Amino acid sequence: MLQFLVDTVLRASDLALIALGLSMLYGLVKFPNVAHVQYAMFGAYVTYALQSSGFPLVGALLAGSVAAGLLTLGLQVLVFQRLLRGGPAIAMIGSLAVAMLVIAIMQGLAGSFPRMFNLPRVEPLVIGGARIAWTQLYLMGTTIVLLALFMLVLFHTRLGRAMRALSSNPMLANASGLNAERITYCVSFASGAIAGLGGSMLALSTGAHINLGNDLLLPVFAAAILGGLGNPIGAVFGALLIALTETAVTNLNFGPLLGRELAFMPVGYISAGSFLILLLALLFKPYGLFDRDVRRV
Amino acid sequence: MTPLLRVHDVAKAFGGNQVLHGVEFDIAPGEIVGLLGPNGSGKSTLLNTITGFEAIDRGRIEFEGRRIDQVPAHRIVAAGVGRTFQLPSMPRRMSVMEVAMAAATSHHGVWGTLLGSAGSRQAEAAAHAKATALLEQLLLTRVRDLPASALSGGQKKLLGIVCALMGDPRLLMLDEPTAGVHPNLRRDIVAALQRLNAKGMTLVIVEHDMHFIREVCTRCIVLDRGRIVASCRPDELASNEHVVQAYLGSVEPKAVEEAA
Amino acid sequence: MSAVFDFAVSTVTIAGIYALMALGLNLQAGYAGLLNFGHIAFAGLGAYAAGIGFGLGWAPLPSLALGVGLAMLLGAFMAGLGRKLASDYWGIATLAIAEILRTIATNEGWLTGGANGISAIPALFDGLPRPWNAVAFLALVLGVLAAAAWLCARLGNGRFGRALRLMREEPQLATCLGYNLRTLKTRAIMASAAVTALGGFLYAHYMSFAGPEYMLASETFLLWTMVMIGGLGNTLGVLVGVVTVQAAHVLVPFAKDWIGFGSDVAGALRLGLIGAILLACLLWRSEGLVPEKLRKIP
């Protein structure tokens, strides 16, 4: 049981930071950025490159997230701002092109073989029968700390208030003197940095590999959509729900239901389970589980 | 004579904002009714609820004796109610003629088009002829091959009227057809509307322009903050104190006395 | 010389099949403006129908009918989802549907052969001697493509296409002209599904194989790239886009042999080239290389 909870929370921390960044930025730019998960992959590679050439791990992690943040900001200024003039659909397809380019460049530079981090071997932690690797524990801890920080900023600072205003009503916010462009730039950098950090910490366990982003695409989007695009806190809950579904699907013994002793869902259906949840959620709550707005659809 | 349109106790709120408070009126066939009221009085919302673009919270709307308040917008159009928009937005990659022809919705069968059946070709030819005639009537023949979005505001309104007319509506609801339109064009619109009415079309026109109202309308309904405050002939408007109050704002008699 | 000939025939055949699937996407994305990111599922259904039908001992045509029928059902389902979803959410939902189908295909070995797929699907013209079997297949593909292109162009210029394009640009106007947008979208998606399933069916017979990798999300993205580069909404544009993307795909291995870089770099170059062309088109020629022209009505 404890292992179940631990697995759920761990999986959720894989997704939470990246989903949060995605949702946060969507609130301002209003288009689903398919390249977002590639920023995580990019951050992972930068961290790996620095750490393997001698940098201390923490420094490398910071550098990786800053690099990812700068990449996101640069793309927002140079590419997406222009594409958005053609509408969100064009921007979404443009993000597809950007994703392809980022993958291509990283593949050309780093090859398609996963790069494992050279970390001191430490025995995994065992708490009450549940096993957690130290790298996973760090990821979980960092996620919780960052989340707390984020909520602090969002609800108790001027910047956070401005972000929320801009997200719900851009025109009014602009008219009341908020500098939409500057705030969008700040948020772009932050969401990219968070994604880069999330990707780097994930890579500590899985290694930096080309498909790191792709593997995360649908679960991260599922989490963000469940929480309602534009609702970053919701994205975190979405991540928890997706993680819960994935863990449940693989761990629950359906045997009693089918009159057998043991019957488990094939591992391959893990992701299918979360997508099914996503579809069902969208059928009944098209704007996410936490949608409270009055909206003319 | 049964009314063509019957609006019974219609209420509509957006969030906490009650826009329509139990609006009730009838429109008889052959009338040209002006719908007036200051900004925010609910005219556009009323138009939207009748034509099916907004759902009502309470009440009943009947057209030719049949209820239309729960019916989706496209079916209301098919039933004979046409409408135009105040700020018509027109496609960029379609020509004026294409848009007009697109307005002929009868028989849009895929197989017919593919196989070039006789019925399909006849329908196309009929739509072509009708669109050409209407464009001519509303003076758009000159611009028929231009992209529809390249038209001036006034011309787009005319195109909107052409599109609504392609469906042969028995009731045509127009949302500010002459706002921002060149005076010459305005004359042509007035003439076109009067011709249509002479042939039996009932018109409901949301308007601000008093000259237009006096020229064209047989009756006026005045809305103020979601309620009907007057239903009278155009020449009676100026003397109707409710109308004056609605437009100029009510002044409490007591306050006037005290200030004096 | 024979190797070059085989290569040419093979390249054109595959390009033709992709063109068929891209034309299908154009019906949805180009004419109707629908952001379907699970489009490849239709092709996958066509491919698997070929394999499953063969396994059941059916002749090709009934298998094709099965594939097209299943694809149209899926299309109707996707259209039904759109009733409640805004377009970008719908795009992601369709992506999720395709992924679910791919997962089922990977896991349900009894039906689909699992991760290994269904092999040994006959090549349709096996009776003919080489090279005529390949040439005959190519002729079939090109013939089907020509017919599909003609039909799509006809549809696009006719009443249905006009309705779709109006809905794409001014949905409110389309509604107040009496169009049932729901029905239009459903018809567009189902027509698109049918054409694409046909492409998938032919592909399975050409490769003698049907597997879950046919339904990867990257395949949908490839088709989207072809349609966007060439120009959304017109048939010629789609064909130009297919040729452009296929050219990039084919030239890279040549460059690899000529310049001598590794296969990782080759793969990266292919992907990067496509991504770069797509991005360039979106930034500077968002209408595509062959912009949709205003249709002149006599």
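A, B and C label the chains in the order they appear, each numbered from 1.
Keep in mind that, in the parts below, a residue touches a chain if its C-beta (ideal position, glycine included) is under 8 Å from a C-beta of that chain, and two chains touch if they have at least 3 such contacts.
What you see is a predicted model, and the numbers here were worked out from it, not measured in a lab.
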{"item": "Distance-maximising chain from chain A - centres being C-alpha averages", "value": "B"}
{"item": "Chain nearest the global centroid, as defined over all protein CA atoms shown", "value": "C"}
{"item": "Whole-Å gap between the CA centroids of chain A and chain C", "value": "30"}
{"item": "Separation of chain B from chain C, taking each centre as the mean of its C-alpha atoms, in whole Å", "value": "43"}
{"item": "For chain A paired with chain B, centre-to-centre distance based on mean C-alpha positions, whole Å", "value": "49"}
{"item": "Of chain C, residues touching chain B in the complex", "value": "151, 154-155, 158-160, 162-163, 165-166, 169-170, 172-181, 187, 191, 233, 292, 294-297"}
{"item": "Contacting residues of chain B [partner chain C, same complex]", "value": "51, 53, 72-75, 77-78, 82-83, 85, 88-95, 97-99, 101-105, 107-110, 113-114, 120, 123-124, 127-128, 145, 147, 160, 163-164, 166-167"}
{"item": "Chain A - residues contacting chain C, complex", "value": "31-32, 79, 82-83, 86, 88-90, 92-94, 96-101, 103-105, 107-108, 111-112, 217-218, 221-222, 225, 229, 266, 268-269, 271-272, 275-276, 278-279, 282-283, 286-287, 297"}
{"item": "Complex contact set, residues of chain C against chain A", "value": "33, 35, 81, 84-89, 91-93, 95-97, 99-100, 103-104, 106-107, 217, 221, 224-225, 228, 262, 264-265, 267-276, 278-279, 282-283, 286"}
